[in-house]
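The two complexes that follow have chain A in common; it is paired with chain B in the first and with chain C in the second.
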Partner chain A sequence: MIEIQDFLRTLATNSGFWNPLIWGIIIFIALLIAYIIRGRGKKEYKKQTEQTKVFLSGNPELEKEEMHVKASNVYWGFMESFKWLYNGLEKMHTGNVSDYILWFVIILGIFFIILGVI
Partner chain B sequence: MLELEQIIRTVMIIILSTVALAFFGIFFGLIYKGIDRKISAHMQGRIGPPLRQPFRDVGKLFTKENIIPENAVPWVFNLAPLIGLVGTISILLYLPIGGFQPLASVEGEIIFGDLILILYLLMIPSLALVIGGFASGSPYATVGAQREMATMIAYEFPLAIIIITVAWKLGSFAAGGLGVENAFTLTAITANPIWNAVGPLGLIGLILLLIVLIVVTPAELSKIPFDAPEAETEIGGGLLVEYSGRNLAMFYLTDAVKTVVMASIIVALFFPYNLSPLFGLESYPAYIIDFTFFLIKILIIIIFSVTLIRVAVARLKIDQIVYTYWVPLTLIALVGLICIMWDGTMMESYGWPKIAELLGFI
Partner chain C sequence: MNIIDDIILHSPALIVAIPLLGAFLTPLVSKINDKLRNIFVIFIVLFTSAIVLLLANDIYLVCGKIHTYVFGGNAPITEGGFAIRILFEVDGLNIFMALIATILAIAGVIYSWAFMKENTGLDKYYTLYLLMIAGMYGMILTGDMFNFFVFLEITSIASCALIAFWTNKGKAIDAGFKYIVVSATGALFVLFAIAILYGQYNALNMAVLASKIQFSFLDKIALVILISGLAMKAGIVPMHMWLPDAYGRAPASVTLILVGVTQASLYGALRMIFTLYGGKLTTTMNQIGDVSIDLNLVLGIFIVGLALLTIFIGVLMALKENNFKRMIAFAAVAEIGYMILAIGAALTTVFSTNDAGTGMMALKGGVFHILNDALDVGLLFLVAGAIYYATKETSLNQLGGLARNMKYTTIFFLIGLLAVSGMPPMNGFASKLIIYESTYQVNPILSIIAILCSILLLAVFVKVFHSAFLGPKLPKFDNVKEVPKSMLLAMGIIATIIIFIGLFPDMVVNYIVQPAVNALTNNSNYISNVIGGI
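Moving on to the complex of A and B:
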């Protein structure tokens, strides 16, 4: 049978600690406080009116498919700022197995040179 | 082995401190928001709103309609602001606030969480914003949420380097480390100020890490120049565009509490000093003076990392944000890490002294 003391034990690695149960208590109390604070606010609004329409700075609302923002857009910042890197990498990815093996041999050669020198 | 009485006592302390710290975080978060607005207004040659304006803003939002857009997923849309505030409040329990030990490490013997846990918890408010943005069903909010995700991925890298470096310096037995037990816990970090452990090279390294952490802070808080996820002028508020009334007020409070949290982390890592030992004070006078000193430290950090930066610099584009964090700031953080590593080697091999020893502090 699990003792209550074991149940409350902090999970520890050699350097990390975390006690899920204590965090659970904190979250529960904090949720209660936040819920009470939120409850002080007004909850009504006018359903099915202009105010529930999506805000598009006055532009007309198109079909949902046409307004959809692609998930790949998340990476736009990375693709744009590291264009110089991706352009080089894209050229390397030819899809040719011979090229793949060639890269494998080159990298293996570099490793051997490094290991040999060290 | 924990006794039942001790468990009940611990749980009671946790419950009471959660309530106390929630109100501390919200109250002082809003006060600091007011001070930030006042100072930035003066820097721009304006009078600015009164210090209590953030309280009025929250009050006003509570009287406004809480509109749920027809395209939104209502329960996620309503839950996200709550999760954001709750997650942020929970971090306060693991931080040393006002010169006291973290409240979630009662009596210093039992440890309930450490710096790695705080790193994870810091993601909750940002993720709440992202989830809320996606649940809004608006293209502007979706773009904002995607930008917030990209920003998070970008700043976590230098932030992790800083945290690991500080804990490694304290915990390592090799290369000038202090060999402190449980180096990732805030109790250990505040008890062994990092500045006392370094020589000349390490001092340069620490200054570099502090600069990087100060630049990471505005991104954590979605403040200019890293506020592309909200960017009022191009995506009309981004992930908050569809939020109004009490839900928006919850995000407003989350932002206020998170400002205190981020400043407290910087205080704990780099400025854990108290005034009471200097004056030989004990008990309540010591608590009062340490708490006041803590509030002043928080204020100074907020002025440097939020107010000054946001007034002085214009908003960056999302690709510029990613580049800033992944290239210059990560490189600066790595240089800081290497300086601290070599500093230990110099101490061991050539007997370089610690700065604190030279100044007679230790």
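Moving on to the complex of A and C:
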């Protein structure tokens, strides 16, 4: 039978623990502190003026659709740096079902060798 | 004996029989009315789920209980004292997997109501859907090797047809073809291994085989073939390539059940390693050249190697992908890597006398992650389906600003994002924390790679969140509306369970994960209970 104490128990891992309720309380306190600090900021800014507009390094604001960064551009730098790796991965993912089976046979062979069958 | 006791007694058979019968009745009900058919299918799934819950309650009430169900009346006994009929054996691990399948099945049929509404041929869709669910339950509950193969095939054939359900899209048919080739190959190898075992021991029952297995040369061949075949069905790198094709092209409601089917294959591999060969893993030395190493250590290291490859390649490919569903599919591959990392780490330590605690903890993390992965990845697939339903787009490059039109879907995506990336306080964090800690004790590098890849996984879904949901409202999506209530309900059910597990992980671990781990590691209890219980 599940009892109310079961809901409050801490998950013990081998050398640590995890209790989401304690985590929630800590996050709440952290957010409260952040809110208090924010409340101490300046309030005399003027709405609908240059002070509240987005600063785009002096560039004019583009059309809405052009402003949105497309998914393929999001990690462009990362992809460029690891192009060598991605080229290899793309060669591996041929989309050819014969290659899918070939990989299975390769793993089967390696497994046979490791377990000492061959 | 009252009716509830009767239902519990026959529950292992009913759990498979009801969706199976429902599948064949669906085309008939469909002749009457489409709405009635949908209600009928939901009723079938809910009724089956209720029986699963009754059985779960029965299993969890008594620690270490195994519910053995013999088909065909009184059990005929062979000269050796073993039953020759088909047996279903339900222990902590079986019921754990059945609970996962239940959640996915409920969410899947509710989601299908609106998601598939515009399609024709829905009588066939629901028939195949229920067949797929019946096959999945069968794979999970059976204690018979040949029966396992039969259910594997039922699931594969139904899955193939459903992956290719959108026949107007050529790529769906291509994905279905690839799936059936891969599945049939894997299943045939499994059948070959079963034949090897049957030829030696004259038995097909898992418990009987586990008690008799000698780890002869032929047994080694059977082990290699069984694990490789099931690993391909589970989508482990480098045998994962069918998975993005199939997951990416199937309707989202089908992909949800495919996640369960993939995990049922993983369950099969676990059953074979720990239950069938469990007794021999510690006592058998593996000879490589002049060096003798414990078999469990060799197997564990090999699985850990595959796991690292699976996590790494899964995450890297997900990061590059711009098709929403294929991206989630690659992330799902990486998530499978986390499970087998824990299982591999557990294999290296769980049988040792001085480090068994680490192994048990790793296994607990791995098994717990099976549940969490099914929910997290499942939810993300449903969100991807919702976006497709609303926009008819799957390319992330074409999407943007959807949070303004689809508020609930956005919230469900955020829950899935945090959960799959292992962010606190979601369920994925709890299981990944256990995996990180236990693998750290095996080798710190494993843990470091796992954490780094988890951060990359977060980056993957942050990209999706930014591309699809944030940004200005795009004019072409002005008329996009939130998805229908049945789809929201299905996503809501999974999201609620994710949050519940996230908030109360210890309870879930104690009540359902620990019994599954105990069932896996204590194979002598399995053998004595099943053979003794006939």
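Here, the second predicted complex is superposed on the first by the 74 of 118 C-alpha atoms of A that agree within 3 Å, B and C clash if a C-alpha of one lies under 4 Å from a C-alpha of the other, contacts with A are read in each partner's own complex, and residues count from 1 in each chain.
Please note the rule applied: a contact is a pair of C-beta atoms (placed from the backbone, for glycine too) under 8 Å apart; a residue touches a chain by one contact, two chains touch by 3 or more.
Because the structure is predicted, anything quoted here is derived from the model rather than measured.
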Touched partner set for A:Y75, first chain B, second chain C, both or neither: both
Touched partner set for A:E65, first chain B, second chain C, both or neither: second
First (chain B), second (chain C), both or neither touched by A:G16: both
Touched partner set for A:K53, first chain B, second chain C, both or neither: first
Chain B versus chain C as contact partner of A:F104, first or second or both or neither: second
Which of chain B and chain C A:I33 touches, first, second, both or neither: first
Doubly contacted chain A residues - partners chain C and chain B: 10, 12, 15-16, 18-19, 23, 64, 67-69, 71, 74-75, 78, 82
In the complex, chain A residues that touch chain B: 4-5, 8, 10, 12, 15-19, 22-23, 25-27, 29-31, 33-35, 37-38, 40-46, 48, 51-57, 64, 67-69, 71, 73-78, 80-82
Contact set on chain A toward chain C in their complex: 2, 6-7, 9-16, 18-21, 23-24, 64-65, 67-72, 74-75, 78-79, 82, 85-86, 89, 92-93, 95, 97, 99-101, 103-104, 106-108, 111-112, 114-117
In the complex with chain A, residue positions of chain C that touch it: 177-178, 181-182, 185-186, 189, 217, 220-221, 223-225, 227-228, 231-232, 238-239, 241-242, 245, 286-288, 295, 298-299, 302, 306, 313, 316-317, 319-320, 322, 357-358, 361, 395-397, 399-401, 424-425, 429-430, 433-434, 437-438, 441, 459, 463-464, 466-468, 471-475, 502-507, 509-511
Chain B - residues contacting chain A, complex: 1-2, 4, 7, 10-11, 14-15, 18-19, 22, 26, 61-71, 81-82, 85-86, 89-90, 93, 104, 110-114, 116-117, 137-140, 142-143, 146-147, 149-150, 153-154, 167, 171, 182-185, 236, 241-242, 245-247, 249-250, 253, 317-323, 326
